[in-house]
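Two complexes are shown next, each including chain A; its partner changes from chain B in the first to chain C in the second.
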Partner chain A sequence: MQIAEKTRREFIKELAISAALVSASSLIPGILFARDQATPTLENIDWKKTPCRFCGVGCGLLVGLQAGKAVAVKGDPNSSVNKGLCCVKGYHSILALYGEDRLTKAQIRKNGKMVEVPISEALDLVALKIKETIKEHGKNAVSIYGSGQWTIPDGYCASKLFKGAIGTNNVEANARLCMASAVTGFLTTFGIDEPMGCYEDIEHSDVFILWGNNMAEMHPVLFSRMLDHRQKNPHVKIIDFATRKTRTSYASDHSIYFVPQTDLAVANAICHEIIAQNRVNQSFVDANCAFKQGKTNIGYGLEDDFKFKDELSDIDFKKYSEYLKDYSAQKVAAYSGVSISDIKLLANYYGDPSKKVTSFWCMGPNQHTRGTWINNLIYNIHLLTGKIATPGNNPFSLTGQPSACGTVREVGTLTHKLPHGVVTNQEDRELAEKIWKLPPGSIDSKPTHHTVSMFRALDRGEIKFMWIQVTNPMVTMPNLKRYRNGALKDGRFIVVSDVYPTPTTEVADVVLPSAMWIEREGFYGNSERRTQHFEKLLDPPGEAMSDTWQLIEIAKRLGYEHLFPWSEKEHIEKIWAEYRLFHDNPKHAMAPYDELKKNPGLQWPFVNGKETKRRFASKSDPACDQSREFDFYGKPDHKAWVIFRPYEPPAESPDKDFPFWLNTGRVIEHWHTGSMTRRIPILHQAMPNSYAEINPEDALELGVKNNDWIKLSSRRGEIRIRASVNGRGIPSKGQVFVPFFDESLLINELTLDAYCPISNQPDYKKCAIKVERV
Partner chain B sequence: MIDLKSWQPMVIKSFLLYFLPKNKEEIIKSLAQYSFCEVLPSTNKNVLIITLESEDPQAEKIRISTIENLPGVESLMMTFGASV
Partner chain C sequence: MMVIANNLLSILILMMINIIITSGGNSQVNSTNSTKLKTHPAINIRESAPSEANAYENRKFVPFSPDGIIGKSRVLMDRQKRRAYDGAPPKIPHATTETYAKPLGSECTTCHTNGGYVKDYQAFAPVTPHPNWSNCRQCHVPMQTSDLFHFNKFEGISQNELKPKGLTAFLPGGPPPIPHAVGFRGSCLSCHAGAAAIARIRTTHPDRINCRQCHVPSNANANVWQRGSK
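Entry: the complex of A and B
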């Protein structure tokens, strides 16, 4: 009795502390507590390292194991990412393993109903359906749709099976929805993907400009590092450049609000000012930059048969400066909502040679119908001022998911990509065929579908089979109704691998239960090129199986066992060894397995036993031509390209029928669609349902009070939702913000499936809606 | 013997305590003396998490007021409460 009472008391205390941690995190931007998550008893705990399951910051955690269960979490003090700290999601991450409705058995749809079956039967059916579909409709009728939460081995095996063995480029991942514009931004400006800087730049910067980036909620540990740096160095400034007031705004020194889409014009205005004030770093520009322009009026991808190919042509500095004359502070202030003085303030920070400047951005610039352009334009500012690739000077594109970089960008799980290079390049295909031991010509040279196009092809019936792993597209696809109806049409066969039931498992014909995170061995790669290994620490429940092993089981059933000849015990180590062959060069070398096992993450390029903190600066990057101070070796001319990109309007703007902007996004408590964090009681209680933030003046005009029910409708759908007035975030007048974590309030039924024609990433931040009181 | 009529379950509550930075050490020291509460300081903000155990509402009231009256305490905000 006594023991039971003590345990209950400790348990309630744990809940009390957890509740306080959650409240503190949602109320106070960047707050951190260095303490283990409280647990019933902390005796005999075995602590093991792992990266956090959730966001792209990639904090190192120590998970406490006791009697075969994960019972405690603390930040790993040896991790340079978070130095022993972690946010509220990290602290509670292990609870996501133990939700009551965890999928532990495979299910097959029989006579319209899902029935549990042994996993071997489900795998047999999946393999049979792939074979039948290919036989009847060809290899491009089968597809796989994965995730930036795929571990590196998951993505590698998916690419090898579908692109290599089967020979279809129908491989995509949800990272298309979150960072494809970052990739095309890097490729167009630098010719090579992923950030040149590192998190350590935070402690060297004087000014942080946050481009549409609510870091307090989305990248809380980095945000707290930034606040900590400012606390120690009062001259440090944080400037929030956004469309709505958020937790980040409250902690910033100055907030500047812009009209959606006009970030393009403001970025050009900053460059115009820098040139007008004679603050171009001429020696840097002369040695390291080339000037280019691309096509204009490039469309929005709304038509099923939409096609676009960008072409860059040479211009010179003079021509570039002339183009910018349309972007004087006066002209841009007239339509961007940003005052002339704020444009000049931003230009002064970037242009002042005595200040080190870091720009951070994530979904704001990336989920944008001109996402590639705005990425290019932020780089233009850093290139004109030479503030790049040195400590504290860092244009830093952050990622949202734990392995969007590691798996999707580095392994290349997108239709056009391979683990090294692209399918359209013969040498890259030949390298893949050699490493994968495939006959020459096995890999198709034509990319097929990016994500929106893939779901449209499923709707039209050109794709008949889709395997979805570690993602929840029936919550996240824009213009959702079309794609859900498409998935439900006759003749489509959908396989879903996941850890919990979701709206996506509801449309499945087969559900495969997945082993989650530390229930299997794997690697993630975070935003700063850091690869992190984690061991299998726990047994998965029931028949749950890792996504990697599910893919291998299917490969065997399809007759490709010789391509996946590894034992269950050592397959991850063998996959890593094979994958490293793709990056066997000083620009991208990956650390060996044993090193990754020992360390709390290592940054690539990993050359001669050393990590590379900053790329393109000869001092720190072994791939540079050492006779130059900087070497932008991604481009054949070894220069970074300053690309002129104009302002163009969004695909849909408010009008008299739909007079409000709709912006969607995330909240600190929940991971994406909430399929895991809504199973963590304390996080679910803290943020049980989604809501619509509306501007207080708009609320007054509409007669809407906080918590009233309102109807939001667009040309595509409608939802009823509670209004939030003067709540956590406050949108500018004429704008509405709705988080997308709540599967009972599917805001993506309203969003538009317009995308950036270069990156093919949809814009979740701008469409037109109506707001009505109900 | 427990008198079941007057017996009340132990109540555990958690609070966020906001304080003036200059009084941080003093506040933590004072709170450490009380067996009825546990303290978890933030590493980067002027905030503490407190868990408070009380056997009845009267004791709880006195304890909250004791904490609120410590020099430098700006406010106490409850985040959770449950009976054991």
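Entry: the complex of A and C
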């Protein structure tokens, strides 16, 4: 049967019909979050679950394996985090395993040149150097600097080896540059770290307020989850509170731009309005809040010998309200760039008892010389209104790295921390010594250096040996030149464990090739207290070895084999079992190994076989005193602390010589310093080089067009870079934004190493620069 | 005896259901010539009772624009070139600006929600199978350069290598199952119909709309279900 040749008219008709059908089909409810995606239809592909390698959202992936290689990725529909959706980095994450220049052999520096050696020889040298350094300069001359991309066993072994066996608190991680202010924010307000809410709150919220948070690029999967929720519920509003117009701004219902650092003042103004409008949730506040104030005029940590200790003292609600009088909408509008009506709008959303509000933030408030304060201030708003720990009411501090929570915060790979508690607390030290089977007094009671201080000590020569794992500080340290020069000085010995050559391996004396992600077994812990296990799915290339096993090999060579008595096959399971002992209580209990192996992630506290979705609310948290509706059990008084924190100016502001603000950050295509993502062709081709976003009016005044070369300089350094005008992001007038992923355009040579004196986290978002045409 | 009789009966019932509701013998992904469909050894359905497949299989479709220009027809290779592996989100193959419109994504959805002829590219815009997602560049990125930072040795599964079981219809003339994971491609017609669809995977009967009435996801690895088994 042959259908006759159609006339042109019929073609048009058919085309119109099929176009109409295609558009109609989009109206047929498709699948938003896939249910049937897990159905394997491709032959001989073995799909295995793993958390994504990249950000702190912690998406569940299914990696397709064939003939010993990873060949495909799909979102895991069984993961409650992403329900089948990923972002462009996640979908292409497996390509990061196959860059041609993967480090497959160990290298040691001989006569100034890096030479490949068997890994055992390199490990012998590392152990020898540790021994020699301790013998000559004491245990506090050796240090380890890890990462929020360390797996939990990596961080655990690093802590056990350095804090336990060696006895130095020189253990830090790059999460200090990323989440330290979030931690101190939690500890000062709640006395216990990590968010009380969960991602599911997105589906219960009416209003989202994003504090300096370009979620569209940085937490894209959660952002899409939020957009999806708004699409189904058109009353939902997304408010973008930022210093720069971003993709997030285009998706939000309203954007409010503030002058850098004045977020402190605006947060207080919101509280002032809430009180002035009588919208304090009095019964919640009476039952659950205590009012405090801390020290003021606290400095910026720019001096090497800088020391600060905050002290909180009691105030009452009346006193707190009086302090807030300096933060009326009118007064704050005068210097924040935020209009009175916008301040009232924010206060209205937070104060309206009929609206459930979620606040999201990440590096904006954290990388801030008053990072702890702004975290406290956001909690203040949620506490005054009682919008916390219930479905949809959620002050949610998002995490940057895949295991900043799981490893750095929960295992405690920071100078003052232990897997449970802090080194300054005798009971916590005794618990660690007991679990680690160490003689009493093995753990030093004094914290040593936080990250900036540690690199300063390396520069000054107090630290002689540093082992760097899974991070690239020679791109990411602020005021970078000082720390690179410091690392290169004579008498410093730098060991770098990584998967690719980076500017950090360039300063190394020993490079150890690491097994990456699914080339070894491990765990990550994401932003919502979810621990995720991944199996070893692939063989690492060459002599590459997991960071955990590298640490164990060194421990053996230092004579601590009895503390790490595990076989290569079982060591991850054994480490998990030992680590769980630290959290054996209903406030922090971790799921058992077998459960984690089966599930695409489980949230802690994992009590009586159940996850805890929301902490501090008695209904959902078994650790609460069940006679109360809420129990903020992190503090001895079982209350959440509303801490008054004032506005204080940043460490460096634009002036006559350096008239622009410099802000730095990420782009969606690249993970941190791009050492993995730049080796993924599609990501590099989409975003080959860094650029400097400048405001279109400023560009006009400077005579700079899009893509022109410009020179940026600060008191610390300068770079030549292409201008982006009306590009992906548009900074407010007087501001410049530069992504930091590009190792050939080191923007951190310009940034300032000022930090929050409470969290010791540097501020990468504010320093003064000059912009010139070249 | 009873068992065999029962089996025969159920096969017959299946046949009849097929005859009544099936459509689209030609929508098999890898079959370019539907007349080569194997017929069942026992019963020749095609001759005894024409299925809907016969009504559609010889339909032809020539995409052309409203002003009469025949657009470039996309081929499977185009699809493959744009993906790191089958199932990866395709990159954006044309120039874009970084200037966005509000709401986010509308700069993409203007062309990619309903499709249609785009003069600038002399091509028909493919229709997104997931118009509900609006942060398009979360997954799809444009190419600024063809250079590489470093060569990458990754080899992903590609469309051409896929020969999954269950691709063909269970019975001749019957509807073939869906040979790929559906995921966020729940809107079948966006890829299988319209001027921008790749010719080889274009359905002959887009007017039936409710694709999954007849085409169901296949699970090549599933065991045969037995009563009482888990």
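We take it that the second predicted complex is superposed on the first by the 731 of 774 C-alpha atoms of A that agree within 3 Å, B and C clash if a C-alpha of one lies under 4 Å from a C-alpha of the other, contacts with A are read in each partner's own complex, and residues count from 1 in each chain.
Following the convention adopted for this analysis, a contact is a pair of C-beta atoms (placed from the backbone, for glycine too) under 8 Å apart; a residue touches a chain by one contact, two chains touch by 3 or more.
None of the values given here were measured: they were computed from a predicted structure.
Novice: With the two complexes superposed on chain A, say which partner A:Met590 touches: chain B (first), chain C (second), both, or neither.
Specialist: A:Met590 contacts neither chain B nor chain C.
Novice: Check the residue A:Cys178 against both partner chains and state whether it touches chain B (first), chain C (second), both, or neither.
Specialist: neither
Novice: So in the superposed three-chain picture, is A:Ser724 touching just chain B, just chain C, both, or none of them (first/second/both/neither)?
Specialist: It touches chain C, and chain B stays clear.
Novice: Determine, under the contact definition given at the top, whether A:Ile518 touches first (chain B), second (chain C), both, or neither.
Specialist: The answer is neither, since A:Ile518 touches no partner chain.
Novice: Classify the contacts of A:Ser224 with the two partner chains as first (chain B alone), second (chain C alone), both, or neither.
Specialist: both
Novice: Touch test for A:Tyr98: chain B only (first), chain C only (second), both, or neither?
Specialist: A:Tyr98 sits against chain C, while chain B stays out of touch.
Novice: A:Ile130 contacts which: chain B (first), chain C (second), both, neither?
Specialist: neither
Novice: Let me test your reading of the model: by the given contact rule, A:Ile769 touches which partner, first (chain B), second (chain C), both or neither?
Specialist: In the superposed model, A:Ile769 contacts neither chain B nor chain C.
Novice: Of the residues on chain A, which ones does chain B touch that chain C also touches?
Specialist: Residues 8, 12, 15, 17, 19, 21-24, 28, 30-32, 34, 85, 224, 227-228, 231 of chain A touch both chain B and chain C.
Novice: Provide the residue numbers of chain A that touch chain C in the complex, in ascending order.
Specialist: Those residues of chain A that touch chain C are 1-3, 6, 8, 11-12, 14-15, 17-19, 21-26, 28, 30-32, 34, 36-37, 39-43, 45, 64, 66, 69, 71-75, 77, 84-88, 91-92, 94-95, 97-101, 216, 220-221, 223-224, 227-228, 231, 247, 250-251, 668-669, 674, 678-688, 724, 726-728.
Novice: Okay, in this complex, where on chain B does chain A touch?
Specialist: Against chain A, the touching part of chain B is residues 10, 12-16, 38, 40-45, 47, 49-51, 53, 77, 79-82, 84.
Novice: Give every residue of chain C touching chain A within the complex, in rising order.
Specialist: Residues in contact with chain A: 54, 58-64, 66, 68, 84-89, 91, 98-105, 113-116, 127-135, 137-157, 162-166, 178-184, 186-190, 193-195, 206-207, 209-210, 217-221.
Novice: For the complex, which residues does chain A have touching chain B?
Specialist: So the residues of chain A touching chain B come out as 5, 8-9, 12-13, 15-17, 19-24, 27-28, 30-35, 85, 224, 227-228, 231.
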